[in-house]
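To start, the structure under review is shown below, and the notes come after it.
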Amino acid sequence: MAGPGKPCAGLYSFLFEYDTPRIVLIKSRKVGLMNRLVQLAILAYVIGWVFVWEKGYQETDSVVSSVTTKVKGVTVTNTSELGLRIWDVADYVIPPQGENSIFVMTNMIITQNQTQGLCAEFPDKTTRCHSSENCTEGYVGTHSNGVQTGKCVTYRETEKTCEVFAWCPVEDDEHVPKPAFLHNAANFTLLVKNNIWYPKFNFTKRNILPNISKSYLKNCKYNSKTDPFCPIFRLRDVVESAGQNFQEMAVEGGVMGLQISWNCNLDKAASYCLPKYTFRRIDNKDSDHTVSPGYNFRFAKYYKNAGGRDSRTLIKAYGIRFDIMVFGKAGKFDIIPTMINIGSGLALFGVATVLCDIIVLYFMKKKYYYREKKYKYVEDYDLEANSSYGSQAETQEGCRIR
Amino acid sequence: MAGPGKPCAGLYSFLFEYDTPRIVLIKSRKVGLMNRLVQLAILAYVIGWVFVWEKGYQETDSVVSSVTTKVKGVTVTNTSELGLRIWDVADYVIPPQGENSIFVMTNMIITQNQTQGLCAEFPDKTTRCHSSENCTEGYVGTHSNGVQTGKCVTYRETEKTCEVFAWCPVEDDEHVPKPAFLHNAANFTLLVKNNIWYPKFNFTKRNILPNISKSYLKNCKYNSKTDPFCPIFRLRDVVESAGQNFQEMAVEGGVMGLQISWNCNLDKAASYCLPKYTFRRIDNKDSDHTVSPGYNFRFAKYYKNAGGRDSRTLIKAYGIRFDIMVFGKAGKFDIIPTMINIGSGLALFGVATVLCDIIVLYFMKKKYYYREKKYKYVEDYDLEANSSYGSQAETQEGCRIR
Amino acid sequence: MAGPGKPCAGLYSFLFEYDTPRIVLIKSRKVGLMNRLVQLAILAYVIGWVFVWEKGYQETDSVVSSVTTKVKGVTVTNTSELGLRIWDVADYVIPPQGENSIFVMTNMIITQNQTQGLCAEFPDKTTRCHSSENCTEGYVGTHSNGVQTGKCVTYRETEKTCEVFAWCPVEDDEHVPKPAFLHNAANFTLLVKNNIWYPKFNFTKRNILPNISKSYLKNCKYNSKTDPFCPIFRLRDVVESAGQNFQEMAVEGGVMGLQISWNCNLDKAASYCLPKYTFRRIDNKDSDHTVSPGYNFRFAKYYKNAGGRDSRTLIKAYGIRFDIMVFGKAGKFDIIPTMINIGSGLALFGVATVLCDIIVLYFMKKKYYYREKKYKYVEDYDLEANSSYGSQAETQEGCRIR
């Protein structure tokens, strides 16, 4: 980018002169081959791994998802407490609709006809008493059912506990029914409808694929091998695909993850963008390192009796909550990640030169010879100016030290 | 990076010598101009596209969002079954509060006073029968309302179906009310309050902008042109903005996506970070390639009659679920993506040199001449050592082959 | 990459010749040192900032999360309207289970024994009237409780409002109870169980760490200093950690964000991947720039009286919704971001040369001398061919203009 002093001439030389680095071409079979091999390795890495395998030429976007679910199935139970009872969707799906998760009750502890009043608290080490001295009026513990009154009353024949003001009778959740009360829930079916959208590429798709017919959907059940795109899952299959046992899980409940992964290459046709279902147990089975194992919560049905008095049925519902977790990335060709990777690749080619230079200039027998050929030593101006000067010397100088 | 043998001298020359590539300056207008044009194109790509358009100098972060919703509106219905009835928020929003989605019931099939007992199953091809031989005791199908007893009983005057133990009478969901029962839901309003956070930049903002006054909020309705930042949406407007018909959608229900996109450039003032609302129908209208079209679910209200016997009202609720989908990215200047893009851009400049080299050295008339100027051929040391040697020859050699 | 004309010879020279740029080595202490300093700065940036600080050698993935929550606690209230009442989990958590958020009612306006019928609307500027002329039959406003009949009736002794067909008596939500009705909710505890998954690295972890024992979990409470990994939070602590006052927030309700951030370096042991809890108030406290401040929603409990007539208790529930927001990124070594950053770093080294070149060739005293050493001027072939030719001139030429 040199030129005579004037700006116009400077611009002229800038535009109309082509500057290219001067290259020293060393005829050495060993070094030449090594140089080409290193360059080939870098090229293989850039083309093979970065572009073909990892799709480094693509821009990515995360999925935005919407899920609707529906459970179907009925079961009958027969216990001394409740008698013969039918349970359908409105009875065991709580709450009746949700967004990305659905709870199916599989077991329960039911306390009927609770009314607000005074009764004996449930026995545990903080509530058992011998006399009123063991009870404190107004005391509420973390696990209390009510507020203590200060009196000590009979809970059962042989046990006395502190009296509380609570919904009476208090719940007895010591023994969870085993086997699970609604053990037939294993045969219920879960329909999952999922709509995904990649905003950056304005691409939408549903998990009920366009080529699936209505008649197929009416009767199919998901199977990873035979029916991988049927959106209807038998609850037992979901649990067993995660390596769990449904009946075991149904006793104390749990959380199952139904993972739908959408990893799409949008440079291909849209029909290649397909959902992949996997299943995973999310709660911790190991009850030694967790608190409140399984999955349960309490809810109540409220009634007014003839006198207008409030009463309720408290239900501690154990069950399996199915979390539909949708995730994934779409990739599509974009010039910027392509150029970044090409640019970085080009820069990496320089490594081949650095490597071979080190070998040629420091480790080969002829290193001093090669150094002489590669480097043009330029002494400090003053030194040259002061040395013996004459056209003859200059020619000699200019010619020898290159 | 050469120097005499000793390490101190090596370090001295490493620190105090400056190495720069030797450049061959070819005065050729054609090649010079082409070189500058290619370099200009690369510069335009890097500065124009990468930095200005795609903001390649920015680090990005995804949004973390929280949404609250509230619906307002009442409507009156008058049917022979239910009589004159008012429906307000507590009646049609189920469940009463949710996180990112809200369901508004627009249509329903109500089955009142169900009690557990024996009755005829709803007629379909698996339940119609002529005699008990067609019914199997204990059989439960996917769409059953209850468990079959094995008997065949009269459902209606001319129809007989298998008897089941179920909540009786069973639901008749063959005919969905048309027009929709709560068709006035079109006039209900939905308030959406959204708080977003970009953790990486610790930036928060709400969709109710700081400059909006309380009095404006009390009466405004969202309109993409006149009131683009009013957070109150009329349900009909939401549906119509997605190109759908509310009354048509209200019959079998559906899922509407209310998308709030927050794409913010945090290098500008916070006031430029604004939400953008778009609307999209999420469920599949095409009933030929879907199962369970529209959106519905069943729930029940439980009662105890005077005798303490359980009864319930089963409601198959059809309606529109509004999913509030919040997404977006924020960008802010960061040195690393900037340097990556500058580095890749610098590496790409090398492409201009490679291109012009190829043209100059292989395609121009004077290619051999230019090659001679560009390359300094270095023979194998042995060959040079063995050739005729003398200061004169050396000078000649050194001077000629450059 | 030159060679004789024939392709085989071309391939031979391509493979077995090593080309390296010719370097001009300028012995200048000033420029040499400056060059090394700029290169050192670039190296420090690449190694220090890009690799060590920002972990530029890592690939990242976003978290996929599942949350379960459980609240514990009871409280007693005593008002003239409701008398002495106990409130437990089934009474104040609405709905009883959710996914990522849980609502705890802290205050309420209760309207008991509502039945459908005709009564006076709640007074506000659109409903007050003097005579039937002020009321329009069939009119429904955004905040109406029912549909106007057109008559003007007495609401209270001194006030007359339009008559409506609604659930009567209409709700009076003018005065929110202060202090909050369930102010003791401050002592309730919230257990959060969170399971996270990084799909790209197939790494899962729970917030209840493997080394935490069951006995510790039974009694611990979260504290950012003493118990940073206890998953049980006292509601008051959550609110106060965000700099808010629980009792103040409990009156009109609000939304609290319980943020769990999982930023993990998966090149280290899994035990270093720990959750970090932060708390933030999400709703806008400033009631001048918001509509419907706080957080509330209406729900109803439905009853049938002896005659089979529907009645309901309407509850406008104010409370705190706790949104569990899980986010974070995991990083793990990956060859591609490493190579991209190395490549860009290498390209940036070229900046040192460009900078020093500019100084050496344009700003130093000896710039013309150095330009002579750096550049090899190549005239247009024709000019050279036409100039005086002779071996003597050529030698002179060849030797002088280098």
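In this document, chain identifiers A, B and C correspond to the written order of the chains, with residue numbering beginning at 1 in each.
Note that a residue touches a chain if its C-beta (ideal position, glycine included) is under 8 Å from a C-beta of that chain, and two chains touch if they have at least 3 such contacts.
Computed from a predicted model, the values in this text were never measured in an experiment.
J.: With over half of the numbers shared counting as same, classify the chain A/chain C interface as same or different.
T.: Copies use mostly different positions to touch.
J.: Rotation angle, chain A onto chain B: superpose the C-alpha atoms of these two copies and give the value as a multiple of 5 degrees.
T.: Rotation angle between the two copies comes out at 120 degrees.
J.: What is the distance in Å between the mean C-alpha positions of chain A and chain C?
T.: Averaging C-alpha atoms per chain gives centres 16 Å apart.
J.: Where does chain B touch two or more other chains at once, residue-wise?
T.: 2, 19, 21-28, 62, 95, 98-99, 303, 306, 340-341, 343-344, 346-347, 375-376, 399, 402
J.: Spell out the part of chain A that touches chain B in their complex, as residue ranges.
T.: Against chain B, chain A makes touches at 2, 13-28, 62, 64, 66, 68, 70, 72-76, 84-86, 88-91, 93, 95-99, 187, 189, 191, 193, 195, 197, 199, 204, 206, 208, 210, 212-214, 217-218, 231-232, 301, 303, 305-306, 335-336, 339-344, 346-347, 361, 365-366, 369-371, 373, 375-376, 396, 399-400, 402.
J.: Where on chain B does chain A make contact in their complex?
T.: 1-2, 19, 21-29, 31-36, 45, 49-50, 54, 56, 62, 94-95, 98-101, 103, 116, 140, 142-147, 165-167, 255, 257, 259, 261, 280, 282-284, 287-292, 295, 297-300, 302-304, 306, 312, 314, 317, 321, 323, 325, 327, 340-341, 343-348, 350-351, 353, 356-357, 360, 374-381, 395, 398-399, 402
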